[in-house]
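Here the chain labels run A, B and C in written order, and each chain numbers its own residues starting at 1.
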Amino acid sequence: MKELNVKELSIRLKDDCSLLVDRLSFRVGSGESLILLGQSGCGKSVSCRAVMGLLSRRFRVDGSICFDGTELRGLPERWRADYYGKRIALVPQNPMTALNPSVKIGKQMDETLRLHTRLGKAQRRERIEKALTDAGLADTERVCASRPGMLSGGMLQRVLIAIALSTDAELVIADEPTTALDVVHRNEIVDVFARLRDGGAALLFVTHDFAAALRLGGDVMVMREGRIVERGSTREVYASPRHEYTRALVRASSLSKGASHADS
Amino acid sequence: MIRKTLKNPQAIVGLVLIIAVLLAAALAPLLAPHAPNETDLTKKFAEPCADYPLGADELGRCELSRLLYGSRASMSISLPVLLIIALLGLVLGTLSACGGKRLDAVLSFVCDTFIAFPQLVIAIAIIGILGSGARSVIVAIIVAMWAWFARMVRSYAMLEMGKDYVLAARLAGCGTAKLIFLHLIPNVLPQFIVYLSTGVASSIIMVSGFAFLGLGLGPETAEWGAMLNGARGTIYSHPEMLVYPGACILLAAAGFNLFGEALRDILEGEA
Amino acid sequence: MKRYISHRILMFFLVLAGVSVLSFALIGLFGRDPAEIIARRTNINASYEQIEAVRQSMGLDKPLPARYAAWIAGLFRGDVGISIYTFKPVMEDLAQCFPVSAALVGLSLAWVIIISVPVSLICARRPDGAADHFVRVASVVGMSFPTFWLGFLLLISFAVKRPIFTVLPAPGIKGYILPSFALSVPIFSGFIRVFRASLLKEMGSEYADFARARGLGRGRILTHHALRNALPPVVTMLCQYLGYLFAGGAVVENVFSLNGLGTYLVGCVASADSTSVATCAVIVAAIFVLANLAGDFVNRLLCPWTVRS
C-alpha cells in the first residue's frame, strides 16, 4: 500500500524564526482521505507546499515527509519529476491564477502528460478528454482550445482536478479546492474528489469548510496556529467536538447547515 | 529602510563613490597640484611624475588637476539640474494626477510633445538662445529632461490615487492640496529618490556629452567631456589622455546609479 | 477599443503638430540670423545689402508663422525646400543621412536583443547565483558608460592597437559594428535589469509554482511559460529606445565620423535652419510615437488577456 507518512513536520520562517507549523504528524494511504481543517493562516497551505517541495529558501523545514518509502524532503532536482505531477498531484488553491494565462489549457495538460508518460499524441488526447469528462466538464473540445482567462472559476477548478486525474496520481493533495466556488459547485467538486479516493488514490484534502469535510467523510485533523488540536473521523468530530476551537468551527458551519445538507 | 540601505554592499559602494566625487568637487582647489588652466608648453605630454601625477595634456596642463576641477563642473551643473527637475516633476506630476481631467490632458500632451522631441535640438537651441556657460547648460538639460520626470511622478501618483487610502482621505474631507502634500508626495517619494539618483547619473553623462560636442562649455574648460574632445586628436600617440576623463564620468555616473538601483532593489523587496 | 485607437491616432497628430511648432519657436528664439549665416559663407564680410538680398531670395523676410505655413504646405507636397545648412534640398539630405541612422539604430537593437535575452535568462535560471550577482553589478556599471567614451575605447582597442576595424568609417556593415555596440551598451545593461526583474516576477507567480508541482523543471518553466509573459515591459522599453536613438546617437556618430540624422540635426540647429530642423524633428517624433504604438500593439498580441482585465 502506497502511503504518505509525515512525521514531526515543523516549518519556520528563517527571517524571524516564527513557527508556522509545529510538529505535524499524519499518514494517509491508498483509498483513504484525510481532511486538514482550519482557518486561513493556521499553517494548512504551507504544510501542503512543504509536501509538494514548493517552499522557498526563506523557510526552514524539519521532520520527515515520506511517500512510498522515499523521503521527499530535499529530493534532488532530477528525481522531482518522478514524483511530483506523476505520482503526487496538487490541486492548487486559486484556480484563476494557477494556470499560465497565455497558454491554451489543452497544451498545458498535454505538457504534463508528455513529461510523465510515454503515450503517443492521440493517446494523450484521449486521456485528457477522459480526465476532463471525469472532472465534470462536458465540452472538452472548447475547454482545451481556451486560455484560462476565458473560463469561469468553477470550470478552471475542474481543469485542475482533471490534470490530477490525467496522470493517475497515487496521492492527491487538494489545497482548498472549494473555496472559490458556490455551494452547488462545491458539492459537485467534493464528489469528484470522493470518487477519486474511492478509485484507490490517497487524498489529503485541505479546507476551512466543515460542510465540505462532512460531505467528503473519512478522517479529519483540526489545525490551529500550526498545531493539531483534534483528530478523529469526520462524523465523530462533528457530532461531539472535544476542543473548544472545533466547537466554534462546528457552530459556524451549522449556521449554513441547511444549505450544505439539503442534497446529501 | 535606512538601516537596510547601509547593510547593502552595492549601496555602500555607490555612496562611497558619490561622496568621493562630491569631495573632489568641493576640495578641488586644495587637492589639485596646479591650476586647471595653467599651461606649460615645456611639459607637453609629460610623463607622470611627482609634480604631474597623471602627466600633462597637449598644452602641458596638469591632467589630474583638470580631472579634479572637472568633477566641479559636472556636479555644479548636475546637482542644481536635479534639484529643479525634482521640484518641477513633483509639482507638475501630482498636479496632473489630481488636478482634474482637463488639466491632465493638457499637461500630458505637453509632456508627450517634449518627450517625442529630440533632446539634442532642445539643448542646442537653448544654449544658442542663452549663450554659452554653465547656466545655459543647466536650463537646457532641465528643458530636455523635465517631461520624463513629470510623467514618471504622474504615473506613480495615478497608481496611488487608485488606492483605498486616498478614497478614505477624500471621504474624510481632505482637500486636494492637503491630499497632495500629506498623502501623495510622501508615498511617491521613495520611488522618486530612486529616479533622482539615477537621474543625476544620466545628467552627468548628458553634461559631458554636450561638452564633448562643444555645446555650452568651451573646449578649454576643465570638464570631462570637453577634455575627451580635446584629446581625440592624439588618439594614436597618447590614447591614455582619452581614458582618464571617461573613467571619471563612468565612476561618477556609476556611483549614483549603483546607489539608486540598490535603493530600488530594497524598495521592491519590501513591497 | 475603438475609442482607444482613435484617441491614440489623434494624439499622434497632435504631438507631431506640437513638435513642429516647438521647433519653429525654438529656432525663432535662437537669435541667429540664418540669412547672415548664408551670406557670410560666401563672403565673410558680407554687407547689410547682401544679407538682405539673401533674406529675400530665401523667403526669410516673412514672419515665422508664414514660414511655418509654407513649410506645412511643402511637407504635404513632399518638398520642404532647401536646407540652409547644406544648400541642398532637405529631402535629399534626409535620403542620405536617414539610412545611416537606421543602420546604426537597427544594429544597436540587434546587439541589445542578442545580449540581453540570454543573459537575463541565465540570471533568472539561478537567481542569487554567482552569475546573477555579477550581472547585477555589471549591468549597473554598464548603464553608467558614456557612449562616446566607450566609442573611443573601442577605437583604441580595435582600430589603433589591433587594426581589425578602421578609425574612419568603413563602407558596408563593418563600419557600423563598433558604433552600434558602443551605443547599445548602456541600453542592454538597462534591459537586462528590467528583463531579469520581469522574469523573476513571473517565476514567482502561482502558475509557475503549479508548473513546478506538475513536475516541470525550472528551465522549462522559464522558457516555455515565464518568457512570453515577461516580455511586455521589455517590448515597451525596446520600442521607446527605437524612437529615442534616431536622434540620440549624435555623440556616437561624432566619435565614429558617421553622418547620421543626429549629426545633421546638430548642424541644422547651428545654422538656424528652421525648415530642416522641423522636418527632422517631425520625422524623429513620428518614429518615436509610432514605435511606442507598435510596442503597445505587440504587447496586446503577446498577452491579450491583459486587455481583458
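We adopt the following convention: a residue touches a chain if its C-beta (ideal position, glycine included) is under 8 Å from a C-beta of that chain, and two chains touch if they have at least 3 such contacts.
Keep in mind that what you see is a predicted model, and the values were worked out from it rather than measured.
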{"item": "Contact distance in steps, from chain B to chain C", "value": "1"}
{"item": "Per Cα centroids, the chain farthest from chain C", "value": "A"}
{"item": "Most extensive contact between chains (C-beta pair count)", "value": "B-C"}
{"item": "Chain B and chain C, separation of their C-alpha mean positions in angstrom", "value": "21"}
{"item": "Distance between the centres, which are taken as Cα means, of chain B and chain A, whole angstrom", "value": "54"}
{"item": "Where chain A and chain C are represented by their mean Cα positions, the distance between them in whole Å", "value": "52"}
{"item": "Residue numbers on chain B that touch chain C, as the complex places them", "value": "10, 109-110, 112-122, 124-126, 128-129, 198, 201, 205, 208-209, 212-213, 225, 228, 232, 235-236, 239, 242-243, 245-246, 249-250, 253-254, 256-258, 261, 268"}
{"item": "Chain A to chain C touching residues, read off their complex", "value": "52-54, 77, 80-81, 83-86, 89-90, 92, 94, 97-103, 111-112, 115-116, 147-149, 160, 163"}
{"item": "In the complex with chain A, residue positions of chain C that touch it", "value": "205-207, 209-217, 224-225, 228-229, 302-305, 308-309"}
{"item": "Chain B-touching residues of chain C, taken from the complex the two chains share", "value": "11, 14-15, 18-19, 22-23, 26-27, 29-32, 136-137, 140-141, 143-146, 148-150, 152-153, 155-156, 160, 167, 193, 197, 243, 246-248, 250-251, 254-255, 262, 265-266, 269-270, 272, 277, 280-281, 284-285, 288-289"}
